[in-house]
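Consider the two complexes below, in which subunit A is the common component and subunit B and subunit C are the respective partners.
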Partner chain A sequence: MTEPKAPEWPLWEVFIRGQHGASHRHVGSLHAPDAEMAIKHARDVYTRRKEGVSIWVVPTTAIAASNPDMKGPLYDPSDSKPYRHPTFFDIPKEIGTM
Partner chain B sequence: MTTELFEYLLRLGDNSLVLGHRLSEWCGKSPILEEDIAISNTALDFIGQTQLWLGLAATVEGQGRSADDLAMLRDVWDFRNLLLVEQPNGNFGETIMRQYLFDAWHVLLLDGLTRSHHQEISAIAQKVVKEVRYHIERSRDLVIRLGDGTPVSHEKMQIALDRLWPYVREMFDVDPVEHTLIEQGLIPDTSTLRAAFDAEVLKTFATATLTLPSSNFAHLGGKSGKRHSEHLGHLLTQMQWLQRAYPGATW
Partner chain C sequence: MYAQMVTSDPRDETVEDQAFQARIDAGEKIEPRDWMPEGYRKTLIRQIGQHAHSEIVGQLPEGNWITRAPTLERKAILLAKVQDEAGHGLYLYCAAETLGVSRDEMTEMLLDGRMKYSSIFSYPTLTWADMGAVGWLVDGAAIMNQVPLQRTSYGPYARAMIRVCKEESFHQRQGFDIMMKMAKGTPAQKKMAQDALNRFWYPSLMMFGPSDKDSVHSAQSMAWKIKMNTNDELRQKFVDLTVPQAEYLGLTIPDPDLKWNEERGHYDYSEPDWSEFYDVLKGNGPCSVDRIETRKKAWDDGAWVREALMAHSEKQKTKVAAE
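After this line comes the complex of A and B, so read on.
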């Protein structure tokens, strides 16, 4: 007889902002019983080498994802439309890099 | 004064070394992966602190010994750590309780050491106190979660507190070594930190639904080196065997 396994802690997605002004980027996921502990765990798992200045955690179940089967209809139509890239515009020198 | 200062720096370094080693014993064996990483991080923080304190101790001693020599080539009777930190890990709750009791004292001590008249001591304390503020955030949180958790976790935490509380008083026991350094303004008087410590832990234990043991009995003799528990010797055989078996080995 094996004892019934305790339910696993919920999964959280972790986002780290590398430096002020930059946006938060997804870095991975981890288990934690609640948001507070998820942030603590994220600090220990993902920011040991000074990777970040800010942490977001989001319950994985709160993320809605696009359907991989819809890849064709969703993304293929933009294949033949290079004019949608802004590279065709001449940027005046005084503007500098954008 | 040099003798007392060396002695005191050994206490600081040995606390970090022994507790760091104890925590490293959890590596790969913690209840869950995330805690395993967190506890190993904490262990590494302590080993880093050890290098600073024992490094300064070696300089103060001036006998040509290094921090590594002090860590790996002294025997039980030369160690000056608190009895609390050499206690075995026990279950995860016991480890967390030991950590919390140490952290609650450690953060107050380091805060005092930042104001030391000794420049290096003050500089090390300023660097280390930041790590330690995070340590207590974590250990306090876990004591509350486990104490005020399930009936099983509550019972384990109460047993841990009952078992470890008698090791608290040694942290606040001021002996002649410390008296000398307090008078010179090199270290804070730990006995004056007791009120702040009690306020911290009483609040936490109330939230964690844990009861403070009523007995005032205390184990002493770790930091003076007079009476270590049998556990320290076993820990050192694990920690030091490589340098003992292959003297001078490096990698």
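After this line comes the complex of A and C, so read on.
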């Protein structure tokens, strides 16, 4: 392993839209030299059983993520706002479906 | 299993570490950007890396029969199975990469012997019946280990396992299908099926790793939920499920001491020869040298392709920038 190492193919995140009109969903990642090859590889690695009808690939380095340590400050405030859920309100039976 | 004898790094008892263990005990998933003890990270890299290498090296014993499959249909099925193994290897490499190691690094560690692959793939596949035995027994044993790993504490590993398990059942069933065909075939074919079972039985039992009393790293890995069951638990489960399947095939498990134990509600069975297991892990299996040489050749022969595609990609980028 003394010779200079060739650069590793960059990492891409793969998103696939399933059969039934749902959003593209993250399924995993893979290495590829460019976007075109990343889509080709994604097709081989992630859709061998008709898992999808559309593929997105995004360079992993292009993804910005929230800080896991901020979980509390970011998401806990929703805990005190149960009125954002419809079940918070009692609607009389005679009103029917609402 | 596909990851055997993974050494786990001891954990320091810091406050962070206790909080980390509490998260695991509460059933939370650990994600790549979360704080984790160095030992957890290193142990997982070894375990997932070894698992990935096993999938990749595991293509070789079966690839051996693609050109010699008895029918075009069997060839297409085997090809699809081997392609799945490549996919499983890739899912796992990606999971390991979220821990801060690159796929190329892991590949180099496999090729220079710093990382291992499962002992089972150091055995040769001598006849077509071995394709049946490998699918039935080897993939069967793998499923036994991988199903509980879908609940492992490390998110990317658990998600990779879910994908793998979805596809693994096809592998085992195609193997059993081959065994059924052979076992119901001519006397020569049935003999071939029995011979495959004879050769793969004990190596399959070895896949689960040494007996619990000799498995030094289990306790830490189980606390971290990166190992979900003990080696002996899974091995017993495998034996209990497989014996009736062999009976259905009309084949004999090559263990004269195998018998149902009414009291335990399990089969009693003979332990494999553990000295053979340790020897194979050291790289002295019948095909150990050949497997690594084949991987090394594939890696070296593919270097110009990897480099050329990178060069092309760079050239395209400069072209776009110039326009």
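Everything that follows uses one rule, which is that the second predicted complex is superposed on the first by the 83 of 98 C-alpha atoms of A that agree within 3 Å, B and C clash if a C-alpha of one lies under 4 Å from a C-alpha of the other, contacts with A are read in each partner's own complex, and residues count from 1 in each chain.
Methods note: a residue touches a chain if its C-beta (ideal position, glycine included) is under 8 Å from a C-beta of that chain, and two chains touch if they have at least 3 such contacts.
These figures come from a predicted structure and were not determined experimentally.
Novice: Given the alignment on subunit A, is it a clash or a fit between subunit B and subunit C?
Specialist: After superposition on subunit A, subunit B vs subunit C: clash.
Novice: Quick check on the superposed pair: does A:68 touch subunit B, subunit C, both, or neither? Answer first, second, both or neither.
Specialist: In the superposed model, A:68 contacts subunit C only, not subunit B.
Novice: Regarding the shared-chain residue A:40, is it in contact with subunit B (first), subunit C (second), both, or neither?
Specialist: first
Novice: Which partner does A:31 contact after superposing on A: first (subunit B), second (subunit C), both, neither?
Specialist: both
Novice: I want to verify the contact counts: of subunit B and subunit C, which reaches more residues of subunit A?
Specialist: In the superposed model, C touches more residues of subunit A.
Novice: With both complexes superposed on chain A, which partner does A:48 reach: first (subunit B), second (subunit C), both or neither?
Specialist: Both partners, subunit B and subunit C.
Novice: Could you look at A:9 and tell me whether it touches subunit B, subunit C, both or neither (first, second, both, neither)?
Specialist: After superposition on chain A, A:9 lies in contact with both partners, subunit B and subunit C.
Novice: Following superposition on the C-alpha atoms of chain A, which segment of subunit B from the set 41-49, 77-85, 95-103 or 185-193 overlaps subunit C?
Specialist: 41-49
Novice: Which subunit A residues lie in the overlap of the subunit B contact set and the subunit C contact set?
Specialist: In subunit A, residues 9, 30-31, 33, 37, 44-45, 48 are touched by subunit B and also by subunit C.
Novice: For subunit A, which residues are in contact with subunit C within the complex?
Specialist: Where subunit A meets subunit C, its residues are 1, 5-9, 11, 27-31, 33-34, 37, 44-45, 48-49, 65, 67-69.
Novice: Report the residues of subunit A in contact with subunit B in the complex, numbered from low to high.
Specialist: Per the touch definition, subunit A meets subunit B at residues 9, 30-33, 36-37, 40-41, 43-45, 48.
Novice: Could you please specify the touching residues of subunit C with respect to subunit A in the complex?
Specialist: Those in contact with subunit A are residues 31, 33-35, 80, 83-84, 87, 90-91, 94, 97, 102-104, 108, 112, 159-160, 163, 167, 303, 306-307, 309-310, 312-313, 316.
Novice: Across the complex, what residues on subunit B touch subunit A?
Specialist: Within the complex, subunit B touches subunit A at residues 32-34, 37-38, 41, 134, 137-138, 141, 145.
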